[in-house]
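Look for chain A in each of the two complexes below; its partner is chain B in the first and chain C in the second.
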Partner chain A sequence: MADSLSPVRVAACGCITPFGEAAATHAALLRGECALKAVPVLGRDGGDAVPLALLPGRTLDETVPPGWLAAVTRLGASIPEGDWGSPEMPVFVTGSNFGIGSLYALRRSGDASFAAWSSPPGCTELLRVALGWGPDVSILSHACVSAHLGLLQATRVIEAGLADEALVLSFDFLSPFVAGGFHSLKILNAEFPAPYRERDSGAIGLGDGAGFAVLSRGRGDWRLAGQSLYNEMNHFTSNRADASGFAHCLEGVVLAAKGRKVWFKGHGTGTLDAGRLEVAAASRAFPGAPIVGWKGSLGHTLGSCGLVELAIAIESAKSALAPGTVGGPGRPMSEAVATGNFGTAAFDGVVCASNAFGGAHAAFLLCND
Partner chain B sequence: MSDPLAARLKQLIVDTLRLEDVAPADIPDNEPLVGGGLSLDSIDALELVVRLEKEFGIKIASSEEARKALASVATLTAYVRERSDPSRLPS
Partner chain C sequence: MIEGYLHQVVTDDPGGESPGATLERLKGSFPAGATRRMTTLGLLVGSALEKLGPGERDAIVYATGYAESRALESFIDSFPAASPTLFQTSIHPSAVQQLMIGRQRPVQELQPLSGGPLLSFHALRACLVAPCARVLLCGGEERGTWLLEHGLASDRTFAFAASLTREPRTGALAVLRLSRRRGEGALGLAAFFDHLHGRTPLDAMVAPGWHLYLEWR
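So, the complex of A and B:
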């Protein structure tokens, strides 16, 4: 174990989306491509066509083993080798819906072969074995800020000297249960999302996604200079109208960003009220920072979005070019919303924020110094 | 004379949301349903939307449309009357 505390760094990270791994996803976003397609919300059972971004070749309906297993195993192969799952190198697995698709399939079909995959512990244990990890694996979930929660917990473990490095893996893959649930809220509808745009009605898309980050005290080009989690406890599906929930969370990284020129990767699902509140709070916290959101292309990858978008943000910094906000037409809610690609060389940090049902907010500041 | 559809919708609100101590006639026509005197929230609104879609065969496309429709009993009545098959409406 290291002797003294030093900033926790991102030693490695990666993601998979329908476009491929992080570099391919970043390139597709720069081209303004949209991974969302109109898909029947209940899979083989049909229903309204809604915008979903599924991994190539994967159907919405559950299979045994799950159709996402090969993709996560492939992502796992890109994780740097190490004694993962040992006390010195613990693993934190996060997600918001893992297992629920299989549980739904089990409930509907009665096919017992779905059972092993039908819970977070079940999925995680099977993944642990498939990826060759030891037993020191923890499961964390807090809706769509799950990945952020994993990053913060891993950071704390390292900062407390309890581990040398930690791996955070997050994944969420769509199922008729999840898509149907969002559809019932009337926010997953026939329109495609247009994050941070003025429209008559809001719409979101959902996407398959997984990501990982290796956190280390001693190595890595990227530093997590500040992290923040906050729950405004206002309402299950809505935020306080004065944006104070967003503001409280961002306060946690404002100090760390003092003196820096940052850009802001927002949550930006395409809902109108939350989009306006987020843009207002981000503009107040980080005046002049361009605001972007990528869920208009990738869809909302739910609990994994924090890590998926972290990997894309790092690709943006590495290539000195960040994708603008991708999505449908409409006037931006604010001049701060970047609709086109922009250079990142003039910036020395990016704030990445996510939000979740239940009034949960999360943000971190990523710097390459 | 009260509008039969408005009366039916008030009954549906009471039944769907299991409102105790509220009679259909107590629900005013022009006061906000969500966030008003009935203390309904967005989850209540969601339950109402599901029930309305089933009972009247209508489709509410987005949360914004639902919010407009559920502004009051009066707006809801107009919304349902405009979109529903007349054979499904109370006479």
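So, the complex of A and C:
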């Protein structure tokens, strides 16, 4: 039986991206490969070509059942067996879009068969049945920090003694709704992203992604310390210019990382202002820490990014080699930005950070002691 | 068993009130001009939450199954010239953000939940495991139009906000306890709202294996 005072740990973790599962994705990033391709922003309805990283064989236009279901089912098969969805082993499903591609298709086509997948509760219920879970499945949706919220909720429920283990599943798959939305904000455009690099204008890419983590008090090699949230509430799509939101969120992680040598896996979408603020805040909080971001290759996997990139960070720690920042050309925003791969053996932790609309921030320290 | 105390409870049950009438009724709760781009759900949830004086150290747990139904409808109908304003407004936590960004009021935690028959249980559990001195539980739904025809929006508009502590304090309005018990049950958000609005007690299974006791004082 687990010691009630022992920390909650990550007992298993995995992800899928256009490169494959976590090890394949890590290997592709080490090779500097880019999964982004120029795709019409509205799928079959055309529009500007923008950088999107879609799962192999998947198009932006939704089907019934959704084109992403097979990939999530494959990911589900890699989740350790358990009585998931029972009171003792609850599930936390997180994302920012759920079946929004189905909703878009429903309205555009008038085909009512899209309806069942079109809302967060409906989509999650069908997924629950497909993956064979019991009914205790919470749904959290806070844009691009959603995965962090799931990890935090799961940790708290276990720490409170309300569950033995918990499963967090996060997914986000692209659609004309999502691509069109970011395109309307002009940050998804014809340019490919170059995270943490100076250039004339910012640009992001978007990507398909899903990840899972099993949290347990009794087993696991990895620990999430200093889990932290902060919401600036300054603007819907931009941050406070003084970077105070980044600093507030990192305060708790700095405490958790005291005395450790860490590297920093940032959010790094490719927007200029947010990139500069994040690099500055990370450098102040963790002097000397190499900063990396992988969305220049994978695209921004939105609500799932916190879990997808956690799985890659774990692969990096396991193999003692972290991929550098992948993306287009430009001068790095700071000497701290790691543009090449680097060994992680000399480090004893990685800070994983994500940001979202509304000036939302989330971060934690991943360590294996 | 975990226990909490409700201190302030604000509810709004506008019945069949039109979005325009809701705007007229509630616009005085917000700074001049702030309501121009607010949604019906943003007005209702924001007005209720504002009465609790949300502060930076509070945790906000926000429960809504369908969230910004009308903004979603309008955003999708804006294609192929997608509206950036509607895109921002249509995201799940938007109602809370509309208030807090309008007031320029940061908050440590915002936990936006969705769900169906177990949503109330999941929201209450999130409140009761939050390590903050005060948790603000808010939620609601807005009646959709074409989404409702497909069963993808609420058929009812309502909103609520309540402050909750884990420690007993003088003047608590109600005590609530979640405990493990054998049996099945569910408590959707509208049904939970009715208990808050009517100040009616509850002694029932609210999820498989979980019982809720709610007693008003």
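Note that in this section the second predicted complex is superposed on the first by the 366 of 369 C-alpha atoms of A that agree within 3 Å, B and C clash if a C-alpha of one lies under 4 Å from a C-alpha of the other, contacts with A are read in each partner's own complex, and residues count from 1 in each chain.
Simple rule for what comes next: a residue touches a chain if its C-beta (ideal position, glycine included) is under 8 Å from a C-beta of that chain, and two chains touch if they have at least 3 such contacts.
Just so you know, these numbers come straight off a predicted model, no measurement behind them.
After overlaying the two complexes on the shared chain, residue contacts for A:L272 are found with chain B alone; chain C is out of touch. In the superposition on chain A, A:S109 makes contact with neither chain B nor chain C.
Of the two partner chains, chain B is the only one that A:S201 touches; chain C does not reach it.
After overlaying the two complexes on the shared chain, residue contacts for A:T59 are found with neither chain B nor chain C. Contact with chain C, but none with chain B, is seen for A:F177 once the two complexes are overlaid on the shared chain. Once the two complexes are overlaid on the shared chain, A:H235 sits against chain B and chain C alike. After overlaying the two complexes on the shared chain, residue contacts for A:V157 are found with chain C alone; chain B is out of touch.
More residues of chain A are touched by C (comparison of chain B with chain C). In the superposed pair of complexes, A:N189 makes contact with chain B only, with no contact to chain C. Note: residues 184-186, 235-237 of chain A belong to the chain B contact set and to the chain C contact set alike, using the contact criterion stated above. Contacts from chain B toward chain A in the complex involve residues 41-43, 46, 49-50, 60-66. Residues of chain A touching chain C in their complex: 42, 45, 47, 86-87, 96, 103-104, 106-108, 112, 115, 118-122, 124-125, 134-143, 149, 153, 156-157, 159-160, 162, 176-177, 180-186, 229-237, 245, 248, 357-360. Against chain B, the residues of chain A that register as touching in their complex are 184-187, 189-191, 200-203, 235-238, 271-272.
Those residues of chain C that touch chain A in the complex are listed here as 2, 65-67, 72, 75-77, 79-80, 82-84, 87-89, 91-93, 97, 100-101, 103-116, 118-119, 122, 125-126, 128-131, 146, 150-152, 180, 207-210.
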